[in-house]
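To keep things simple, chains are lettered A, B, C and D as they appear, and every chain counts its residues starting from 1.
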């Protein structure tokens, strides 16, 4: 019965083995000190045991060298653990330059994933094996936490902010997806699976599940439906700044200073447009807070992102869907 | 021959209910805390049993998801705020601190009584919140769930915690002034028993930390009730700020829970090894160091909560720094036993059990402080197991060691030594079986606060639930023989353990005003080797 | 019973200093010092508080222990503020080539931080 | 503190003070000296907790001020700087009268003690009345956070955080003022009954510590809330 219990969860990402190696190192260190101390206590208790309550112990008050030794040696060992653990942490936090981008939103009690090509999934995520995947996500209501035990990654989903996890799966198969931050009644039901597929299968899965164009195209439709395109003209002569070639660059602000144009800034500009107005423009844009869901914000963000390599964009009002744009890049950076 | 008149003690010099409820005697107040805390302990234990029963099967078949969420929340609230924090300081500390100092009472006896009433009022608020629908936010009250989403009694529970906080503050304040100003002649700082040092450190944390949780919970209550927005992301607030403020208290609160039991363990180990504590000043200062460093590490609860990676590095490093004083204490306890004359009475057995469990709890802290590993184990059963080893394996075992040690002083009666040892072994075994498997569960990836879970985790969960039932038997056994000792126990005598320390120089149970004559201290603590011990 | 009795003149002098400092802090608030308005206002407030603690509250004549307690309070307040700000002030910093979106990246922190010092030159 | 006061209330009046068997000496203390030291130390410790109590709000304040300088500037301008400065002066004045009250108690001038405490209370009352009118104005302008909150312009969200902090901080401060007012009333009554002597005036002294602390909190709140960006740097 017990032989069936694994001691480590499945290792299914490039970093899982690193985390496990560190884990086993700490197991070894703590086991050594734990067993050493336990043996000492049991040995002393047995050896110096007496039933005579009037006997007294030896007159020992302490030893400075010993105190120093068992302060400094454990400290040095913890420094080793700290350094190693921090390096693993940085690997977990720092995605490689080329990642497959996926967006997600958490809401009670489901995870909704959006692929760049327009596929949507709920509580299920299909990814190719052997490729770095970065999931960028936020929450629509309360705190959640996206957790893939097999990949050893986890990050809280926080309303109002973007978080991300990245991993590169090494094994084809199905693995758990959990919500790790308590979020109310059905917290333990906010689970799903990540399906890791061979690249070819993944491609066919992608083509078999296309619905309504790519994420960037959906963003473009929204861009037009919300009449963003009436001001954000492609040539920069509109009432709002052109969005072409903006993403990834930095923007001068009317209040002085600059801001890097990233997911967070685009999101903020949609929901709190007057927070950081671009230099040379009037604060005319209305807020879209409450009008656009987090998923649609992500679509708009992806659309703005897709414009980064274009010379002229976004001037064809009234042409939703039938895009002359090159397909949105699937890979980010 | 005439029957000698019974001695006057703090227990028998007055008998009315009012003489208890209006008492200013620190000893009676300690007993009154004992009563309330024991009630809270069995209440929290009841919730824990429900949780473990539910988790015996992967499906959510015993209680509904909402009920389960309320169970673990109320288990946490009852245990943290009404058992772990007051257990050793308010019960044992109140009782023995003035005795150890050779004082007639604490510095502010009326304030001490007020603290108890404040504590009880806070407890009643919380009980009221529990019986009128309960609360389901988790004891951590994270926003925005607690401020916006939950439709349970968050306000009432928050108020209960807020009020109880003041009890803690006032107790801490009282202890600090008492230790500064009420020491017997000759009782210098470095002659103080280590329990006093640990109480002083605890009091420092209570005084400095508790107001921050008070304002945090107050802000939460106002945000929920009046729709103010301080943590509300909709208007630009930061939910993580709540976590910062919450843990600024709640992490040091762990040291409120564990420092006093550590002090009690120092007393027990020194007494039953018949030796000075090894490295007295290191143990004493490690208490202070833990109290101070404990304030610098709170954000290690937030490593995956969206704090900056640089901040995470700083807090991880500081967390390792706070691990050292705890390690120093443990090594010193072990070294104290070397070449001692070890008398294995029940309190010593509890203390050795404490050492074993605290060791595991402390060492597994190295995993959770390691950034790379914490990302994986954060909010899983690994963390649950870790802090139960500290809080139950450490704090509660230390509390029991201290309670068994001072029980004859408190009641004047001796409990059954053999049953106490049996209970210690049962609790030790049951505890390991309950929480040992949870480390494995956590590393395998089972998140905490899950009502239903994937079936592959069932075997370990069943083991854990089985352990919990053994644990429950152990605790009930303790309650039985301790209560029985009050009625049937032998007279304990003034100094049944042949211990040093001023509390053992007065009678058992002590006089209403503690000492017949003002004691004067002329030697260091735990001078067994020098001392002609009074044989009773 | 012991206890320092200050002459009335001391109290009047401290009161005068506090009133002057109040006037100064109001006055200086209307002078554009860029990012320095906040530190200056806080500096004056700390000075005023120190005067009250030392003279009105007799901390100057109190035991070392009392002085240590006062120091402790402000030390831990300092810890609360600064260690929390290690998070908030470094959240926006780019930490990896992947750019925004890693754990610890705040939506609002960065740009507002950058705005603040940068505006220094061109206040309206 | 309440201990000392209550203990005193229980004891009979002390016309003939004597250091050894002073009626105000509680049984568990050896001397009035020890009792006095314990009481003042206790009060200082209580004030430490108060520092950290307000400290949590200062943290929130600092964070959001860094994040939202413009909202802070705009929202702060809604406050009346004249009233704020006036109240600051009033409160500093009450600290002065409180210091004189303690001094009068130290030197055994019972009547002067009463007068100075009554003056302190009067100034405290003036402060609270001004505060009331400030709050009233905020209610009328819908600047109280919650469903009815209204604020012109794009900074409405962060401005609501500002006003949440404004009401929390000043509300807690005012609560402390009211508690202080009640304490002062008790102390004035005790002084009127000639309960204090140069040997024993602990309640006056520790109530004074509390009152000065409340003053200090305001000394910080005034620049933090009223003087954010009067120079028009951000807007």
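Heads up, the rule we're going with is that a contact is a pair of C-beta atoms (placed from the backbone, for glycine too) under 8 Å apart; a residue touches a chain by one contact, two chains touch by 3 or more.
Given the structure is predicted, the values throughout are model-derived calculations rather than measurements.
Legend note: the chain whose CA centroid lies nearest the centroid of all displayed protein CA atoms is B.
Across the structure, the highest number of inter-chain C-beta contacts is found for A-B.
With centres taken as mean Cα positions, chain D sits 34 Å from chain B. A straight line joining the Cα centres of chain A and chain D is 47 Å long.
Each chain gets a centre from the mean of its Cα atoms; for chain C and chain D, those two points are 19 Å apart. The set of chain A residues that touch two or more partner chains comprises 90, 93, 155-156, 160-161, 163, 255, 272, 275. Residues of chain B in contact with two or more other chains: 180, 208, 212, 234, 236, 238, 240-241, 244, 248, 304, 306, 309, 312. For chain C, residues touching at least two other chains, in rising order: 65, 72-73, 76, 80, 84, 88, 95, 102-106, 108, 115, 119. Interface of chain D with chain A (complex): residues 70, 153-155, 157, 234.
Contact residues on chain C toward chain D in their complex (touch as defined above): 1-3, 5-6, 8, 11-12, 14-15, 18-19, 22, 25-26, 29-34, 37-38, 41-42, 44-45, 48-49, 52-53, 55-57, 62-63, 65-66, 69-70, 72-74, 76-77, 80-81, 84-85, 88-89, 108-109, 112-113, 115-116, 119, 123-124.
By the touch criterion given at the top, residues 60, 65-66, 69, 136-138, 142, 144-145, 148-150, 233-234, 236, 238-240, 273-276, 278-282, 304-306, 309, 312-313, 316-317, 320-321, 323-324, 327-328, 330-335, 337-344, 352, 355-356, 359-360, 363-364, 366-367, 369-376, 378-380, 440, 443-445, 447-454, 459-460, 497-498, 528-531, 533, 535 of chain B touch chain A in their complex. Put simply, chain D touches chain B in their complex at residues 2-3, 6-7, 26-28, 34, 37-38, 41-42, 45-46, 48-57, 59-60, 63-64, 67-68, 145-147, 156-158, 160-161, 164-165, 167-168.
Residues of chain B that touch chain C in their complex: 180, 208, 212, 236, 238, 240-241, 244, 248, 295-296, 298-299, 302, 304, 306-312, 314-315.
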